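Next come two complexes, and both contain chain A; in the first it sits with chain B, in the second with chain C.
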Partner chain A sequence: MMNLSRSVALISLFLLPLLTFSFSVDNPTDRRVLVLLDDLSLKSSHSIFFSTLKSRGFDLDFKLAEDSKLALQRYGQYLYDGLIIFAPSTERFGGSLDSKSIAEFVDSGRDLILSADTSASDLIRGIALECGVDFDEDSSAMVIDHSSFDGDHTLIAADDLVKSHAILGKTKIEAPVLFRGVAHSLNPTNNLVLKVLSASPSAYSANPSSKLSSPPQLTGSAISLVSVMQARNNARVVISGSLQLFSDRLLRSSVQKAGSPNKYEKSGNEQFVTELSKWVFHERGHLKAGSLVHHRVGETDEPAIYRIKDDLEFSVEILEWSGKSWEPYVADDMQVQFYMMSPYVLKTLSTDKKGLFHTSFKVPDVYGVFQFKVEYEKLGYTTLSLSKQIPVRPYRHNEYERFIPTAYPYYGACFTTMAGFFVFSFVYLYHK
Partner chain B sequence: MLAVKVSTVLGSKTAALNVKLAQALSSGSKGSVINNQELKFDADSATYFLDSFPENFDVGKYTFVFEILLDESAQEKLYITEAQTKIPIAATGAISIENAEIAVLDGDVGSVESQKKLDLTKDGAVSLSANHLQKLRLSYQLNTPLGHVFKPHQAFLKLKHESQVEHIFLVKTSGKKSELVLDFLGLVEKLYYLSGKYEIQLTIGDASMENSLLSNIGHIELDLPERPEKAAQPPVQPTDPYSRYGPKAEISHIFRVPEKLPAKQLSLVFLGLIVLPFIAFLIGLTRLGVNIKSFPSSVGAATSALLFHGGIGAVLNIKALSLLGVFLSFVGHSTLSHLASASNKLKSA
Partner chain C sequence: MVKSTSKDAQDLFRSLHSAYSATPTNLKIIDLYVVFAVFTALIQVAYMALVGSFPFNSFLSGVLSCVGTAVLAVCLRIQVNKENKEFKDLAPERAFADFVLCNLVLHLVIINFLG
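Up next, the complex of A and B:
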């Protein structure tokens, strides 16, 4: 009995560090990723994608989607930082997973890659709908494009990529990206989703083997092939309409878009999925801010209260995660607001290229309780929302202007009256 | 050229075989275009090929039916998995587009109000206008290289409003030509009663069409009636993501402008004006011949007199009022009583 309890204690002692071995504020890149497959042969047919993830230090855990022992949490702690669902035809997940638990997983700040393919089950559609992505209702429809295809009209060669260094990296993806799968559109009122790979204007979503009897729902550039969502808690989700986009076959294949003279030895798929996986697992585009520092010009301490029309200096330090370390963030569109119910002052911060953003301005002549607000939203970067409160008081009675020239006549009147009285008192008493 | 490769289940080469294209069934018409055509074997590439197709083999979707027969000289026991293998094939070719034209027709009569010929291989700049009582007609003819009518899978006419709201219509092919007539009277509600400039875009495509096209034909100004209250609102369009994330416009606080004070010179002028009466008073006094002759000569009285006037001066200075007030009353009393007695003496004497 004693031995058993002691050994359990020892084992849990060893397990503790493992539990802390996940993403944290100081190291935001995900570590442990659960990969759900509906067919274990995907491990070999998508081996290049998985091996690039492993080579970057991710700990992949492959499981069948219907495995009855699936669990995302144990004893209230999440076991994984990221989830990849390559199971487009699964109707029901095994174990304790369902669309609700996956939605909670994303709500806790963890990341997700979800892929449908030529068939997408209702479960997958439901998860995508939670993220603001609508797959085509017709389950037999595929994306067809008679102008941007390679070989087969359902193998789309797409090059309408979003312009974002954060999401797709600094190097431009030259070759088109090959895609075969279903179309989806984004909810127009949702401003957290974004199209990363869009279809060309001549694309449409329909069943290729049957004639069209009515115009298709999704056509043209409204069709998104791959979309991303960044939630308000900075959890990142990638939703793709094609599982084949990640497959070895399309990653290694050459591309020649129909009607174009350019033939590319290698499709843009490998660069595309690698850069996208770097973004979704927080290796890039993740910002952290230090505290907001403000003080009067000429002083170094932060005052407890400002007076109207004071000159103040404001600075904030912002760092960007490079995948391995925190680097200074350089941008020219960081702004600060001096805010009370509405912004009174909004200024663009200048950077010293070492991560410190600063500016100075005059406190407005309205008194009240203000906030320094930095609300930074840039395509592909985490949102920053910082604020610091500071009161502003009006002039004290002795801080107003004194002895203004306009008052000279009044001073004159006062003093001449005094002088006159003085002289009169002399004269009246001693006049003879 | 059609090339076929036959292998065993495990992928290795087979013995001599006889591969035949039994039928080429077209998806549209009945009957087969090709019948029992034997394919020649090319030993270099180990493929069976057919290098020429009959003259009436047109563009379109076909199902090729292959039959594999063992050569009479085969010795081993070989089994063929299927007697007939059916493979869908799309035969592609360039489709010719002729007589493309777009016209605005008047109401029920159908008379042409304005008509323009189109060249669909490039974008045009056609400019039309119509109201809700008129119709728009687009027509063209698609022919295969052999001259038959071609029905493409994708034939869309897209009308895109300035506010990004889009509507798509299918162009149907019947008989010899493809035509679409848009009767705006019936479409007013579908178009959400939005009047204005609509861009016209035509997309024609098919798996067997080598020259699928997308042509921006031009635009049409539509004049539709006012929206009634109960009609559906047009759907919300997504905002451009690049503009959504940009930096906001700078705001700098406009400080309250202090009230405009008069010029300094004006204040000095008034100061002078104020001081003027005082100077006039002094001049007046000297004119009147005032003097301070009866200033007391004895020391005690003189001191208290000086102190008295000093006190008045100090009072006028306003500071330390209370103490001065007390001090002043004593000193003042002594001086004034002294003066009073002096003048009494004068009067009595």
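Up next, the complex of A and C:
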């Protein structure tokens, strides 16, 4: 009996440190990542990508996709902060994993890198569909481009990258990115997904080994090669149509686009996948806001109610995670609204370069219950949606001007009449 | 015809003027006061027509003070006029005292309503 309780205590002591090694509000970078492979040889054929992740401090856990002991949660706690699925041909995951549990994983705010390849299974397509990405229905189709290729017409040399410092880093990727795989498209009305690497206008998706019987459905720049999705809870998902994009062979290979004189010693793949992994695991582009502070000009306390035509000052502190620490966020497009059914005041906040955004304005001439609203949705950054409610009252009856200038003639008339009455009564009584 | 109508108008005016000169002095003083009050009221109405009725309570207060005091002066004139048979038994001092008291109440009210 004593032995059992002692061993239980020992085991729980070992489990306790596990809880500290996860991502939290103060440290949003993921720590523990589960990597699902359909073939263990991927560990060596994609070793450069995995070693860059490990060198940045990630704890990678390699498992076969059909491993029967797979589990994302234990006793209601998630065991991993991120998930990499490099298993394009897996029909069914082992253990307790399935597309529903992966969708719940993303719903809990955790991140995912999903890669399909030629002959992607329905399971992988289903997970991508949940995230808003439509792979080409034809399972034998690949992306073919007769003008932006390198050597083989299915090895695409793509350079149509999204212009975002948050997603792809500040350094421009000079060399084209090599890609061989399947095409996907995004629904244009979905504003959560974004094309990071698009195909050139001459690309199309078809089976390379058979003649085309009808024009291909997916063509041109509508084809996305790598897309990202940032969910409303700020979970980030990268979906790629090619597993070879991450492989050592393409990372080390040189690139020369057919018909172009430029030959690059190294493809842009390594820089591309490294920067993308930094973004998806919240090492970049992750914002945190402090509370909204507002007060009347000249005071420091926050009042419980404002009066119309008051002058007030508003400020909010916004920090950006640099991967290791919180740095001040600097931008000139942060705006605040003074909102009641529609924004009565919309002002751009000015920054003091130390993370504090501030502005001052006059309360409008309308009374009611207003909200200070900051809604910030910048490409590649977490969405900020902050609000604080404050009522606004009209003038009290003793806050109006004491004497109204336009009424001075009336005041004059009244007093003149009184004086006239006084003079009249004297004259009437004492005239002769 | 034209000459006779203008001559009629002149005769009418002259007869009115001579009849009016016959009224006692105290009544003439009251008449002057009424004209002054109505004139002040007209000035205020003209001002309101120009500027608009923004502090409407002030406008009403001003006009009411003029019109009210004019009405009270007319009442005093009726009661004090010796030719008026109806008020034969009313002492003119009593009429004047009523006039003063009513004016006091009137001015109290308009100062309150002036805002």
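FYI, the second predicted complex is superposed on the first by the 419 of 432 C-alpha atoms of A that agree within 3 Å, B and C clash if a C-alpha of one lies under 4 Å from a C-alpha of the other, contacts with A are read in each partner's own complex, and residues count from 1 in each chain.
One rule holds in what follows: contacts are C-beta pairs under 8 Å (C-beta built on N, C-alpha and C of every residue); 3 or more make two chains touch, one makes a residue touch a chain.
Note that the structure is predicted; figures quoted are calculated from it, not measured.
Enquirer: If we overlay the two complexes on their shared chain A, which of chain B and chain C does A:216 touch? Say first, second, both or neither.
Expert: first
Enquirer: Which one hits more chain A residues, chain B or chain C?
Expert: Per-residue touch count on chain A favours B.
Enquirer: Using the superposition on chain A described above, determine whether A:418 touches chain B (first), chain C (second), both, or neither.
Expert: both
Enquirer: Once the structures are superposed on A, label A:429 by its partner contacts, choosing first (chain B), second (chain C), both or neither.
Expert: both
Enquirer: Contact-wise, after the overlay, does A:409 reach chain B, chain C, both or neither (first, second, both, neither)?
Expert: both
Enquirer: Looking at A:303 after the superposition, I want to know if it touches chain B, chain C, both of them or none. Which is it: first, second, both, neither?
Expert: So A:303 meets neither chain B nor chain C here.
Enquirer: Have a look at where A:323 lands relative to chain B and chain C in the superposition and call it first, second, both or neither.
Expert: In the superposition, A:323 touches no partner, neither chain B nor chain C.
Enquirer: I'd like to know which partner A:169 touches here: chain B for first, chain C for second, both or neither.
Expert: It touches nothing on chain B or chain C.
Enquirer: Return the residues of chain A at which the contacts from chain B and from chain C coincide.
Expert: Dual-contact residues (chain A): 404, 406-407, 409, 411, 413, 416, 418, 420-421, 425, 427, 429, 431.
Enquirer: Residue numbers of chain C touching chain A in their complex, please.
Expert: These residues of chain C touch chain A: 25-26, 29-30, 33, 36-37, 40-41, 43-44, 47, 51, 54-55, 58-59, 61-63, 65-66, 69, 73, 96, 100, 103, 107, 110-111, 114-115.
Enquirer: What does chain B use to touch chain A in their complex?
Expert: The touching residues are 151, 153-154, 156, 158, 166, 168-170, 201, 203, 205-207, 209, 212-214, 235-239, 241-242, 244-253, 255-256, 261-262, 264, 267-268, 270-271, 273-275, 277-278, 281-282, 285, 290-295, 305, 309, 312-313, 316, 339.
Enquirer: Quick one: which bits of chain A touch chain B in the complex? Just the residue numbers, please.
Expert: Within the complex, chain A touches chain B at residues 144-147, 153, 162-163, 186, 188-189, 191, 194-195, 201-202, 204, 206, 208, 211-212, 214-216, 219-220, 222, 309, 333, 335, 337-338, 343-348, 361-362, 364-366, 377-379, 404-409, 411-413, 416, 418-423, 425-427, 429-432.
Enquirer: Spell out the part of chain A that touches chain C in their complex, as residue ranges.
Expert: Interface residues on the chain A side: 404, 406-407, 409-411, 413-414, 416-418, 420-421, 424-425, 427-429, 431.
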